[in-house]
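You will see two complexes here that share chain A, one where it goes with chain B and one where it goes with chain C.
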Partner chain A sequence: MNKHKSIDEILKKVNDVKILHKRERRIRVDVAADSLTTVLELLKGQASFVHLSAISCVDWIDDGEFELVYHVWSYEENCLVSVHTRIDREKAKFVSVYDLYKPADFFERDIYEMYGVFFIGSPRMEKFILTEWHGIPPMLKDFDSESYVQNTFNWTEYNPDWLQELEQQGGGIAIKPEEIRLSGELHNMSTHRERDKKKKQDNVKGWKS
Partner chain B sequence: MRPENYQAVQLGDSNEYEIFIGPNHPGIEGNYAFRLLLDGDTIVKGTADAGYLHRGFEKLMEGRLWIQNLALVPRICVPDPAPMEVVYSMAVEEIMGIEAPRRAQWIRVMQLELSRVAAHLFTFGGHAATTGMYTPMFWGVADRDLVLDLFEEFTGGRVYSIYNIPGGVRRELPDGFLQKLSHLLDYLESRQNDYDNLLFTNQVFVKRAKNTGTLSKKDALELGVTGPNLRACGLEFDIRKNDPYLVYDELDFEIPTQQHGDAYSRILVRRDELFQSIKILRQVIEKLPSIDGPIRTTIPNPLSWNVKTGEAYARVESSKGELAYYVVSNGKDKPYRVHVRGPSSMHAVQTLEHLAKGARLEDVAQIMFSLDACPPEVDR
Partner chain C sequence: MKKELKIKEKSTERTNPLARVFDDFISFCQSKSLFMLHYCTGCGAIELPPAMTSRFDMERLGIQPMVTPRQADILLITGYVSVKTLKRVILTYEQMQSPKYVIGICSCTVNGGMYWQSYATAKKLNEYLPVDVYIAGCMPRPEAVIEGLQRLKNNIKNDRKEQKGSAWKDYFRRYDYYLGNQQHLFGDDWQTPTDIIAEAKLYGLETEETYGKHTDQLLKIQKPLLPQEMKVRMKP
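Take a look at the complex of A and B:
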C-alpha cells in the first residue's frame, strides 16, 4: 500500500507536467527546465524519493537540445521516477541539484566533462576522468572519434615479409590494410552520415560476394 | 593525471604533506589513484583521481550495432561481468517490448548468481590481502577459478561470457552441467569452516576490520551507496527483492544485513550473500530441468536490426550494488545513447573521500577494498 500521496496528486500543482506510468514501478515525468528542481523537491520531500540513481544526458543534435534525465528511486514506495527535461544546446547551462542529492556531484561533473553542460552551484565543475583532454567534450554527437584518430595518430602499415609469405599461401590477416575502415576514401568524406552510408554499401557488397 | 603533469602543492609552514596512492596499489581491482593530504599518518583530505581505465565505452557503443555491443559491455567490470550483459539485454528487450522465455530467465539467474559468487570470493581474498593476510587471497582466487571453469563450460568464456542476447541466451546448457554445478556448490559449502576460521573470525583480521571506515546509515543514503555496502549499514534493501527482475520473485532467499557499517560488517554481508547465492543456485538446479521451452525468442536479423524508438532504464543488483543502464534508441541500427550507471561510481569517489577523512594511512587500502569498488565502472 502506498504510504504517500500518489505522484499525480503531488505534481498536479506544477505547470506543464506530463506523467506517464510506463509499467509497474516505472514512471516517466516530462517537465519544463525551470520546474525541474521544484519537481525533484516535491518528489524528495513529499514522496520519499531520496535516492538519486543517475543523471543521464542525451545530445539531441538535430533538435539543438540536451535532454537531462534524473532517475530517482524511493526506498519506501519501491518506485523509480525518471524526470526528463530539455535545455538549449547552445547555452548548455543548468542549475545543479547538489543541494537535494549529493550524488549529483559525480553525475554533474561527468556530464560537464563529457557534454560540456555547466551546472551552476555544483561543487566541482572541473576535469575528472579526462584530465589531459583539450578538445571538445567527446560525448557530443559532433565529435567524431574516427576523424580525431585519423588526424592525431600516424598510422603505419604493418606488412612484414613473413606475413606476405603467409598471405601468398592463403593465410594471414583476413582484412588487407587498404580495406580497413580508416582508409583514405572514407576519411575524405566530410560527414559521419556519408561515411556510414558508404560503409553500409560496402557491407552489403561484402555479404553478397 | 599523468605524473609528469602533476604540480606538487606548496603547503607553506604546515605539517601536512601529500601522498599519491596508485594508480596501481593493493586497495583496488584496477587502476585508480587516490591523492591524500596527511598530517602525521592521519588523513586530512583524500581526493579520488580516476581516468586510468577510460576506454570510452559509451561513445563506442553509439557507433556499433545493437548486437555488437554485447561484446563490449562485459568489459566494463572485470570481476563481475555477467550483470552487464544481462542488464543491457533487459534494457533492449524493454524498448523492443519483447520478453525472454522463462527458461532463458532461469538460466540468466544462474549466470548472475554464479558471477556474484565469483566476485565475492575475489573480494574476500582482496580484502584479506589489504590487512596482510595472503592465504585467503590465494584461496579466494583459486575457488573463483572453479566457478570460472563452469563459466567456460556453459558459455565458452571464462571471464567475459557474452552469453546473452536481447531476447534470451545464446546456447542451451551442456549435458550434465547442473550436476557439476551441484558438486561445486557442495565444495563451496564445505569451505565455509575454513574461511570462517582463517578469515571471518580470525582476530588478526577482525581487529583490523572492525570500526574501520564506518559509514552511518544516514550518510550512506545521502551518498547514494547501494548494494552490500548499504546493507552493511542496516537497510534491508535488495533490487532482487524490491524491484524484482527475471524470476527473482519466485525464488526463496533472504537479504543479509549488518548494523555497524564498518569494513567488517561489509565483508560479513558479502559472506552471507555468498551462501544466499548458493541457496538460489540450488533452487535453480531443482527447477531448471522442469522448465521446457525455447531459450530465446525470435528476433530480427541482428545485422540489420532497427530497434524501435524508445528509452529504458534497466537495473539489476550486481555484486557491487545497483547497476543500471539507460538506453535510448532513435529507431536506427545502433543505440543513440547508452549511459552506464555503475555502483562503484558512487562508492569509489564521494563515499571513499568521505570515509578517508580522519582515517589512518595504513587503513586506506582496506577501506577501498571493503567498498568493493570497480574502477572501470567509474571511468567507463
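Take a look at the complex of A and C:
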C-alpha cells in the first residue's frame, strides 16, 4: 500500500477525485469529465504510467450516461490504474487523449463505432471493423440484437425423420429453438434467468419432466 | 420452398446412345479428383488438419487442398459467416470455375449456431450460395467431415440419375433469388466483378428466374470494371 502513496499525493491537486485502492496493484480513480485529461497527464508525466492498455465504454442507459474507463499501466510501479469518468449520453462527445497516448486512436475509433461516442481531436473517426453496418451502434443498450436478427434473417427448419419418430413416442426436444427465439411475452422479460424460470413452470411436455 | 422451374434451358437430351456412357465416365472422373479450397472462417477449421493428414487422410478419396479459388472444385466453409466475410465468400465462389461445389461445415452455416443472436453473422448460407452438402455439428468430427465428402462424391458420380450433384447450376438458374438475398444484406449497390448473367448465357443455364427485379436493380447500378492504370514510378 505504501508503495502507491505517491499517486494519492500527485492527484491531490485535482478537484473531485476519488481514489480507491482495490488491491495491491489495482487502483480505481473516479474523476469528473472535465479533469480527466489532467489526471491522465499527471499520471503519465509524474507517476510513470506510460502505457494505455485500453479504453472501455459502459452504457448506463437508465442514468443517461456513458462511462469511459481508461486503463493505464506503469512498468515501474507494476500497477494498473483505471480512471473512470461519466459523460452525457445524449451529447456523446468527449475529448480525445491521442496527443497523450498514441494508441488511443485505435480504442477511440472502436468506441465510436460500437457506441457512437465522438472523440474530438482523434485523427481517424471513421468506420473500422463494421464496414457493412449502417444501423445504430450495435453495442448500445437501445439496440435489440434479437429483434434485429428476427427481422433480417430467415431460419432453417429442422424437422428430421428421427425426431418425428421420437415425438410420436412422447419424447422430443424440451425447448425448441423457435420458442427461445422471441416468442411474445417471453421476450419482454428482461433476463434469461427469468425466462428460464418461466420455461420451467410452463414446461409440461418433454423428456425432462 | 422450391418452385418448379419453367426452364427454357437448352435441352440436354443426347441423341447419341454412347453420350450417356461418356457423361457417366466424366462425372466418375470428376468425383475422383476434387481440389478443395477451405475458407476457414470459424472454429470448425480445427477439424480439418486431422481430416487431411495421415490419421483420416482425405487424399485417399482424391481430395486435396488447393490454394486458389480458380483451381478449386470445392469451397469448404467452416464455421460462422459474418456479413463482412460473406461478401468475400461470394466473391471467392464466383471466381471458381464450374463445376463447383459448396460444403457448409458446423451448425453455424446451417442456422447461425451459437451466434444466432448476433447482428453480425449471416444465418442460412444456402440463401446466398447454393450449398451441396451441410455437415452439421459443433464441431463435426473428422469422421463426419469424411462422410460428408463421401456423400458429395457419390452425388457427383450419380448426378445424371439423381440430379443432386449440380447445385452450382442453381446459382445461374435462380440468380435473382440469390442476388435478392445478397442485396438485402449488402444494400442495393452491391456488385461483384463477375458477370453472372453473361455466364448463365454461356453455360446455357438461363431460365425465367435468372432475371427479376433484383437483377434489374443490378443492371441499373452496374459499372463496367476497367483495368487498373499501370503506373511506374521512375527515379530521376
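List of remarks:
Everything that follows uses one rule, which is that the second predicted complex is superposed on the first by the 151 of 209 C-alpha atoms of A that agree within 3 Å, B and C clash if a C-alpha of one lies under 4 Å from a C-alpha of the other, contacts with A are read in each partner's own complex, and residues count from 1 in each chain.
One rule holds for everything that comes next: a residue touches a chain if its C-beta (ideal position, glycine included) is under 8 Å from a C-beta of that chain, and two chains touch if they have at least 3 such contacts.
Just so it is clear, the structure is predicted and the values come from calculations on it, not from any experiment.
Judged by the touch definition given at the top, the superposed model places A:139 against chain B, while chain C stays out of reach. In the superposition on chain A, no contact is made by A:115 with either chain B or chain C. Using the contact criterion defined above for the overlaid structures, shared-chain residue A:26 touches chain B, although it does not reach chain C. When both complexes are overlaid on chain A, the residue A:154 reaches chain C alone and has no touch with chain B. When the two complexes are overlaid on their common chain A, residue A:75 makes contact with chain B while staying clear of chain C.
When both complexes are overlaid on chain A, the residue A:94 reaches neither chain B nor chain C. Using the contact criterion defined above for the overlaid structures, shared-chain residue A:103 touches chain B, although it does not reach chain C. Of the two partner chains, both chain B and chain C are touched by A:131.
Measured by the number of chain A residues touched, the leading partner among chain B and chain C is B.
Counting contacts as defined above, chain A residues 129-132, 138, 145 meet chain B in one complex and chain C in the other.
By the touch criterion given at the top, residues 25-26, 50-54, 56-59, 69, 71, 75, 78, 80, 82, 101-103, 105-106, 110, 114, 128-132, 138-139, 145 of chain A touch chain B in their complex. Across the interface of their complex, chain A is touched by residues 83-84, 87, 110-112, 116-120, 122-124, 127, 184-187 of chain C.
The part of chain A that touches chain C in the complex is made up of residues 129-135, 138, 143, 145-146, 148-149, 152-156, 158, 177, 181.
The touching residues of chain B, when paired with chain A in their complex, are 1-2, 5, 50-51, 54, 56, 58-60, 63, 221-224, 226, 235, 237, 242-243, 313, 315, 322, 324, 326, 328, 336-337, 339, 341, 345-346, 349-350, 378-379.
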